[in-house]
Structure formats: structure tokens, C-alpha cells
Amino acid sequence: MSQSLTHPDRLLPSDPGMRRIARSLLESVKDLPILSPHGHVDAAVIAENSSFPDPAALLVSPDHYVVRLIHASGVPLSRLTPAKGGTEGADSRSIWREFCKAWPLFDGTASGHWLRDQFQFVFGLKGIPSVESADAIYDELSAKLQEEDFRPRQLFKDFNIEVLATTDDPLDSLSSHKALAEDPTFHGRVLPTFRPDAYMNIAHPSWKENVERLLSAAGQVDNGYKGYIHALESRRRYFIDHGAVSADHGVRTPATLKLTESEATRLFELARSGTFTTAERDAFEAHMLYQMGRMSVEDGLVMTVHPGSFRNHHQPSFEAFGPDTGHDIPFAVNYTESIRPLLQDFGTAKDFHLVLFTLDETVFSRELAPLAGFYPSVYLGAPWWFLDAPDAMQRFRSAVTETAGFSRFSGFIDDTRAFCSIPARHEASRRVEASFLARMVAEHRVSEERAHEIMKDTVDTSPRRVFKL
Amino acid sequence: MSQSLTHPDRLLPSDPGMRRIARSLLESVKDLPILSPHGHVDAAVIAENSSFPDPAALLVSPDHYVVRLIHASGVPLSRLTPAKGGTEGADSRSIWREFCKAWPLFDGTASGHWLRDQFQFVFGLKGIPSVESADAIYDELSAKLQEEDFRPRQLFKDFNIEVLATTDDPLDSLSSHKALAEDPTFHGRVLPTFRPDAYMNIAHPSWKENVERLLSAAGQVDNGYKGYIHALESRRRYFIDHGAVSADHGVRTPATLKLTESEATRLFELARSGTFTTAERDAFEAHMLYQMGRMSVEDGLVMTVHPGSFRNHHQPSFEAFGPDTGHDIPFAVNYTESIRPLLQDFGTAKDFHLVLFTLDETVFSRELAPLAGFYPSVYLGAPWWFLDAPDAMQRFRSAVTETAGFSRFSGFIDDTRAFCSIPARHEASRRVEASFLARMVAEHRVSEERAHEIMKDTVDTSPRRVFKL
Amino acid sequence: MSQSLTHPDRLLPSDPGMRRIARSLLESVKDLPILSPHGHVDAAVIAENSSFPDPAALLVSPDHYVVRLIHASGVPLSRLTPAKGGTEGADSRSIWREFCKAWPLFDGTASGHWLRDQFQFVFGLKGIPSVESADAIYDELSAKLQEEDFRPRQLFKDFNIEVLATTDDPLDSLSSHKALAEDPTFHGRVLPTFRPDAYMNIAHPSWKENVERLLSAAGQVDNGYKGYIHALESRRRYFIDHGAVSADHGVRTPATLKLTESEATRLFELARSGTFTTAERDAFEAHMLYQMGRMSVEDGLVMTVHPGSFRNHHQPSFEAFGPDTGHDIPFAVNYTESIRPLLQDFGTAKDFHLVLFTLDETVFSRELAPLAGFYPSVYLGAPWWFLDAPDAMQRFRSAVTETAGFSRFSGFIDDTRAFCSIPARHEASRRVEASFLARMVAEHRVSEERAHEIMKDTVDTSPRRVFKL
């Protein structure tokens, strides 16, 4: 454990002139709280406040960024996943050993950076993991995880999180969110997010069953298309009543389309019968994304769109280990034509906020910055998933800022289920923003005074405003 | 007005070694005149030499880069556009106040840079606009615009413009160009550019009427396809006789196609009847782009192609405020297959110059540099529109130079209707070119001596050669 | 000849902090041998060890990177190509003069860099070529090429090449490879590579004839689809027996598809009859690429895929001067969907190595890094062809490393037929890798100790492992 985990100037530019400015910008926001308006932490973890399980279950198995790269190196998923139900699996210590052995794979990756930050600042480790140190670190972490100071609520406070949004099934009771909101001893805000993909994607194997449950949960008598729409509206209202500020859409493509009610009804009935063409599926899904926009205009939920991932690319791994096991692979998307039907009708609608994300960097300068630079409703989503990394974030900034400025950015989102990585992710984002702004200042493109204002807007004011926090 | 507008080292690299070289390169071209072979200034403005109207009408409303970002911040177009005809609108001072209030939106954008340069070097302002200073600046600028020194011809001289190309309708009489050419007191060159889009795009609502006017203006007896082609050739000749050096094509895609004369005739007649399929429209337009290439080979006009913009993306804004109001949005294009029919026949034709532009950066390294690196006719157009900005220009240079070198570049174009921004735009381009070359020198990839030669070629020799000035 | 050819710090970063680190990384690998697992040198050149012909035939005419840019400047191919058969052509000294005159065109290009390195370090020239120095340099080089020290085998040794893979027709006898392997006086390894494109691409004009020859060479009695597959398997075995470690596939697209044997048989027979649709051609080629993967799983040959080039874009040049004359132009590709059928079945197959290349940079971050970051079989191919240049390599590193780390890289390939440029190309790659790593170290993202390990892995360990050397 000879190498240190982190350096105070990590991710800052090498050029001394820029580094000085970047340090100053970073310092200026160090006390601002974490706002996390989109992520995947389970609200029950905070509500129940149980100790985290062992180090592998906390830090390795659920993190598909981490699992995927170890898998690529030749370790089967069965040695990285705990056994459950009928699937093969491994015990926690073995998984941890695989992870420590694989440590060098993460050099230069975003995951490597987040892990080092967590290890040093959350868990107080002193050196890097290795085959030799694996067991000792496992024991040290296991012991820490039993301490009161490492319970979720204490960490929530220590991390200086003000708002944490979760991502939830439309039929979730939101009881954990309710419990937290009503608990006078808990001072953070844990907000649900409405995520209706499984109720809109008619090719999903359980769509029909999902819709039955949806109609039933919403108490709809009309079980046709109209009832379906009303049920979605009703569940959105339920989410809003429990603090939700946004609805999230993990679609294949950002296609939108306004069908007539009769055509929508026809496709809805086809979908329930299970017999539809690919074109009909595409049309219905595009129509439903349009409908979600229409509902957002009416009920005020911020609409976020996350398209362009080929989910579960490797069928055998999906069958053996389920979804989110590291083989969702991006593909090319376009926004200009596909999002247009929605923007035609709602692009200038009052208080409509539409945050667009992409895994395809080519749309940053070509489509997203031009769209966000005209439509008052459109905001630039933070670099997402594979692009949530220092160089990719710099490319994003370089690609969008010259067209859309800084004001059209919706702020960083961590998008993570790895609770303990949240501070590291926000810290990385702040360091990258400070570095970009430092270059703008050093190249005399933005004044140092304005850079400080922009830094604060980026970290604090913009996400509050765009996500209506 | 505490912050200064510009810094002598703006847009130059932070690294001290590179900055020294960049300064020296920039200094070496400071007396070279502005060559502007593609833009949208109205020749009548120079010919008539009237005082410019008020500051808002000069600097805000006609600049869709500026209007769009203020609109995105939530200001309706009606508060940014002067009333005219039946449309809503605002008075100049109100528009100016919106602009000054919106000033911080432009930090980090290309527009912000150009505005600061103009304010300091054209108008001699001392600080940045703000809500507080809006009226005072408005009054100061209004007074200046009445001075003789701020008439277009004096500015033309002060800006050290040698050549300014306009963009004109094929039926334009070019009387302003003629007047300027014949005026012994005016020493610049103001050249027309032939832009026949509205006569080639058969889906344009007024195409049929345009063609009638075209045939009539060219005195064509034959009013069929052959007459149409001859009329276009005839108008090109008229432009050449009035000093034109290029023909510009703002097409949806760069598709080209050589139809037989009988097939072209059939589609032309279909177009006139108003009944054609999308495929027939695409075929005819691709054929006409090919024909424009053929004519350029014959008459020597440089052919410039500007594809890939979805014009008037937001229909309600278009209906209320017309075109060029900030919602033209780029989309993906390809050149390799689409431009091939034209290059098959004319790619090595003597003295044929074809300058290719794109809003889709992905084609820079993938298609444009390889095409320009083989075909003697093909030149790289400057980074255009949303890409005419410091970082985007650096990306362009990085993407094309390693394949195509510096010799295949056609030089900077400002593409602007904002006359007073012309020096700022050329200055920005020179600073970026100097910065890129400074990096090449500092990394020992180009000698400092050659960098000076390349700098001069880029700013002066190349545009003269490629645009046949 | 006043300008010097190269600088010791060429291609290293300007920032002094980074440069120091980069120098140290570069120094640490300076004695490691060249491993060239993919290239186009003719094995007979090494086997026969004849003197190279004149300077133009060695350095100009066969290098389509060089020829293309001179051609773009207006020099016809007939003045850059030696006469042969019925084609027009020029004598060597004239070609050399054209090249020297064109020297400034190569400033800033990858070719320019390689040429300068070769001239200084292989041939010991003292200054840059020019019109004035052309004849003197020609004479100096001609004389050197007659010396024993400039014979291929001595250069092979001086270049410190350990492994050089060639690219060969499946029916090649591999006699030169055999001769070299059996020669006790030759200590390098010259390995054949199986490249079956002309036997898989059924639209190739000589496909039918090629298949006849293939069946005959493999001694197949069954001359149907099964025999065809067996013949390919048999020739692969022949290559393996002669030292081959990989099979290379220069396909239009990376589409893969698993047809049933009966469907494959049907398409094979259609292909032989010469009547098939485009869709049938695409299906058969995609099926055959899948079959090549299946064979690689079985016989262990590393599978490399080079898609996305529109070959011989300018038909008239192709007809007059043949292929590889500088007008192969890239186009957009996608891997996520197209490579999936292959990865479904073989993505986790034991010891299957699949190295994916692209000329379309957009797939680096979007598709290739995510694929290589999950599938143990998938490795990132080095930036290829137009992308084998310093800035493009930096973009590659930036695009892939944050997702896939350093371990999924297959190492540099020079892909060249220009034997004397091999050291320059590997040196350039090492300098770029050192520069990227130096930035990682300077930004405290990778420790200096680990950077040294990664440098060695990149240059030596990874290519040995991935290409099974």
C-alpha cells in the first residue's frame, strides 16, 4: 500500500496558471451542499438506516461500472455476483478479492477515481487495494460498516446532501419517502422520481401485466386507452404529492409523435392483444413520450430523457444474471427530428422543463446545444453514464458552451445506486467544471469574477432552478 | 461597468511557451486586409451608405445567434423583434434593455466574444452592458451611429476589408454591386454570390412561381426543363459579369445525382404540377446540385455547399416571426456517398473549386479531410455557424490537419449579416489559427518559420486562391 | 536545407511539467523491440533481401498517404506513378522531384512526421527536401540504397523489429515466410496473416473465380457451400502451420449474422450464379464474417476487423491506376447492433480475441469502449489509417480510456507497406502514449509509478498477449 489514494490537485489542469484559478473556483463552492436530482439509491436504505452489508455487496457487485471491467478481464460474472435464487454466485470475500486483484484495471477510468476518493474520504483507507491487502481491507471495512458513523443517515449528513432523488416504479407506494418526509429527526430531502418505462414500452414482456396493475392501482374503471392515460396521470399526481419533481424516461430513442386519440386507442388495443408490428410499437412509444411531455406541461414535473442504450446486449449473461450487469451498449441517436413533434407543441410552454441526455457525444454540438440555445424548455443534461468522466465532461463543455453558454445546463447528476460514491462523483464534477472555467479565464474568455458566479450557478443555482428543487 | 471588455491575449493559449509563439504569429498578419468571400451583408447598405439605424436594429434583432439565446432564457421573440406588418414587436430601446439584461448569458459563447470586441474596438465602449448601463450605452451608441465615422463605407475602410461577398437571389438586379464597382470613390470590392436554393428546392412553397419569374427574367422562350437550365446558366453569367466568384448552395443534404435528361424533364414537369413523392423531390434536388457542379466546371464559379440544417424547426415561431429567428437546428449528414456522383465526373476537373461545409463535426476527420486530401477540386470549408467558435475551430483543425495538411483549407468566412462584427470574427479566427499553430510549433511538429508562412497562407493566400479573388 | 528535420521533444506536450514526465516514460521503453502484428510489407522483400529500388519507388509511389496529398495539390497520378503495363507513368527522378516540391504540403500531417523521422534516422539526411535539393537528395539516397547496410534484413535488425506480420491472400504459398523461418541466419519473426476478403465478398468481380481456386487449392471434392467452408478452414490451418496468429477482415460494415446452413447454401449458390440482391449480398457477407469468428474461436487465430472504407471512390482514377491510389474514403459505421450476433455466441468464448478498428471516431466512446469494457473477447484496435496521427491518437485515448481503462487496448499497429517508416510510426505512437500518460500523471489521475507500468504494457505486454505473439 505504498501509493497514496488521492492528491489535493487531482483532475485539475497541469498548467500552473490554470491550476491556480481552478483551485480558487473549487474552494469557493466547497461548502455548498450536494444536490442530486437524479439517481438510483433506494429510499428504503435511508429510511431504514440499517448498517450496510459487507464491502463487496456495498462497493462491487451492484456497481455495473466495476463489475463490467473485471468481467472483461476474464473473470466470469458468477465470481462477481452473490448467489441468489437459482443463479450461480460467489461469497463476499471472494468477490472482494477479485476486485482488489483487478484494481489496476481501473487506472485512468472514472470508476477508479471515484473508488480512490471513497476509500480515502469516506472510509479513511491509507493505501491502494491489492491481492496482498485484500483481506485486511475487507476486515477493516467490514468493521467500519458496523459502526454508527457508517449508517446511511449519518453518511447522508456527513456527505452534506441536501436533496437526493430516487428513481421509482409508478406503482411504488413511496412509503419510505413518506416516512423520511415525516421524520422530524431527518433533515434531508429524499424525493421520488416517476419512471414509467415499463408501462410505456409495449414490447416489454410484462407490459400487459404492468398495465393491468397500473389500471387497478389507479382505481380506473375504464380499462381502455383513456383509462390508461388517466391512470398514468393519477400516479404522477401521487408522486407529486410525495415530493417528486421530475419524471424520467429511459427510452430506446427520443422519438416523439402525436397520434389522434382513435389511432392511439387502436394501437393500445393491439398492444394488449400482443400482436403489433415494429412500426406500430415505435409509433405507440413515440406517442407515449409525447404524452409524457404533455403531462409534464400540465402537472409541472420536469421531464428527463435518457435514450440510446441497447439494454442487455449479451443475452446469455442477461439470462443468467439479469439486467444491469454491465452490457448495456450505446448506439447513435438523433434529437433534431425525433424530438420535434414534442417541441412544436410544448417547446415554449410556460414552466415546462425538458432535460435531454445522450450517450452519443455527436449530438452535443450538433443538436443539443442548438436546441437548448433556442427553446426555453430545453436544458442540457449532464454528461451521462460512460460520459460521466473527466475528459468526457471537458468534451461536453467544449461542445456545448460556445453555442448555449452556461445558463442552459441543468447541473450535475450522479445517476448512481452506489450511495457511498455520491460525494466523489459530485467532487469530480466540480473539479472538472473548475478546470474548464479556469481555462476560459486563462484564455481571457470569461472574467475571473464571472467564473466564480458561473461556478456557483453550475453547482447550486442551476440545478435548483431547472429541477424545481 | 467595472469589468473590461477585452484582453490583448484573449483566445490565446494559457501555456506561456505557446502564448509567446501565438502572439508572434498573430502580430505577423495584423496588417493583412480582411477577405470575406462568403457572407450576408446587404450590398445596398454599402452602396447607399446611410447611417445605421439604432443600436438594437444594428446589433440585436437581426443577429439570430443573439436573439436565440435570449429567447431560450424565457424572453418571447415579440420582445426581441421590432414590430412590422402584422407581427407583434417591441421598440428599439426595450429590445436593447432585454439584450443588456441578458448579457451574462453570452459568457463563454462566440457571440459574447464578438460583441465584446465590437463594443471595444468599433464603438469604443469602456465596460460591459448591464441593466443599469443599458440606457446610457443605448444613447452613446445612438449618437455615434449618427456620426460620419460610423457610416458603412468609412467602417468598411476602417475595418480594412478588401473583399466582401454578399449572398443574392439569382434574380437580383445587382444594382448596388454595379453602383459600387463603378464608383471611383469606393476602393473595396463588394461581390455578389449566386444562391439558387429557392429555384432548386421543388418543395419550397413558392418554387413554381420562382421558376416562372426565373424563366421570364432570363428571357427564355422554352419554358420546360431545358429552358430552366438555360435560365440558371444565364443568371450565373449575369452574376459573373457583375463580379461574382462563387455560387452557394444551402441544401438539406449534399446528395448529388446525374439523371438522364428525359428523367430530369419528367421530374421537372411533376414538380410544376405540384405532385411528386419525397423520393422524386430528393432525386430532382440531387440532380440539380449535380447540375450546379457541372455549371461551375463550365463557368468557373467556385461552388460552396452548406448542408444539414433543419430550417425553422419551431413552426409556431416561424409563422409568427418568419425565418432566421434562431431555430435552424443541425442534423447528421454524410458526404462520402452523397457527393460521389458529382466527384466521379468533376472531382479532377480543371479549375473546379468545391468548398464543403458542415454543421456535423463527425464528418471533418471521417469524410471531409480524406476527400480534400485526394480530390484537387475539394477544399475544406471553415467551421461554420455553430462551429465558428474558438474551441470548435480548434477541434476542426485537429480533425482535418493531420490528414489534409493546411493547404486544403479555403480560409475563414464570416457568414454574417452583422456588418460591425466582421472584424471581430476575422480577428477571432486569426487568434485561433495562431493558437493552433503555436501548439504545433511548441510540440515540434511544425517549424516556427513554416508556421509564419502557414499563418499568412491561411489568412491571405489560400482564400485568394480558392475563391479566385 | 536550413530547417532541421526533427527535434528530440517532437510530439511531446508543451507544458514543462508534462514534458518532463513524458520524456521519462518514453526513455523507459526505448530499448523495447518493435512488435508489428498487422501490416502490409511483402515477406518476399525480407526473404530475398535485395536492395531497395530507387528513392521514389521506395518512399513515394507505393505510399498512398503521400501520393494522395500531392494529387490533391493538382499533380496528376500519372506524374506520381511509375509507368507499368498499359498505364501512363513517370520516371523515378521526376516523381521524386514532384515529391520534394510538394514537401510543404505535409506540414502538420502524420506522413510529414514519419518522413522527417525516416530521413533523419534511417537515411541520415541533414535538411528538408525542396525543389533545389531534390536531385542531390535523390542521388544521396540512391547511393545509400545500394549499400549493404540498407538491405531489408539489416534494416530489420537495426529497426529492432522482433515480430512483423504481413497480410496475405489465403492461397499464398507462404514460401517467403517459410524460408525466413527456416533460415538460421535470420532472427526476426515474419508472420503471415490470413485475409480472406476477396473470397467472402460475393460482389467482388473475381469472387467466383477466387472460390474455384480456393476449392481447388484446398483439394475439396465437395464444391458447394460446405466445401467452401472447409476450404477456408483448411487454408487457415495452413496459415497457422506457417506461423500466422491472426486473420484480418477488411469489410464494408461489421455486420454479422448467423444463417441456417440451408439458407447459407442457398445464398452461396445464388452468388455462384451471379444473380443476387443487395440484401442477399449483405446477408451472405454478414454470415461469413460470423463464420470467420466461429473459426477463430475454434482455431485460435486472433480476429481483426477493419470496416467502413468506401474503396476506390474515384472510378476514373481506379480504372487508370488501380486500387490503393489514395481515394478510399471512410463513412459512418455502427458496431453495437451489427457485431451483436457474433458476440451473442462467442463474446465470452475462451481465448477468442476480437480486435475492432474504426475510421469513424464516433464509435470510440459510444460503442467500442463500452463493448471492450464488458466482453472479454473484445479489444480496442489502435487508431487506424487516417486516425494514426498524434492528435487523433490523443482523441482515441481520451475517448476510450475513461470507460475501458488501458487493459483493453491491443497495442499499436503500423498497418504499413512502407518498410522504412516502421520505426517512425512506432516511435510516434510511443511519444503520443507517453504524452497522454504524462497528462494523466500531471493531473494526478494515474501515479507516475503506474504510468511506467502502463507504458510498458502498452508497448510490449499488451500486443504480445492480445495478438498471442
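Should a chain be cited, it is by its letter among A, B and C, assigned in written order, with residues numbered from 1 in that chain.
Criterion: contacts are C-beta pairs under 8 Å (C-beta built on N, C-alpha and C of every residue); 3 or more make two chains touch, one makes a residue touch a chain.
Remember, it's a predicted structure, so these values are computed and weren't measured experimentally.
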{"item": "Degree value of the rotation bringing chain A onto chain B, based on Cα positions, nearest 5", "value": "120"}
{"item": "Copy pair chain A, chain C: interface residue numbering same or different (half cut)", "value": "different"}
{"item": "Distance from chain C to chain A - Cα centre to Cα centre, in angstrom", "value": "40"}
{"item": "Touching two or more other chains - residues of chain A", "value": "15, 332, 362"}
{"item": "Contact set on chain C toward chain B in their complex", "value": "3, 6-7, 9-16, 68-69, 71-74, 76, 104-110, 112-113, 310, 313-317, 326-332, 359-362, 386-387, 389-392, 395"}
{"item": "Residue numbers on chain B that touch chain C, as the complex places them", "value": "15, 17-18, 332, 334, 336-337, 340, 343-344, 347-348, 362, 365-367, 369-376, 378, 398-399, 401-408, 439-440, 442-447, 449-450, 453-454"}
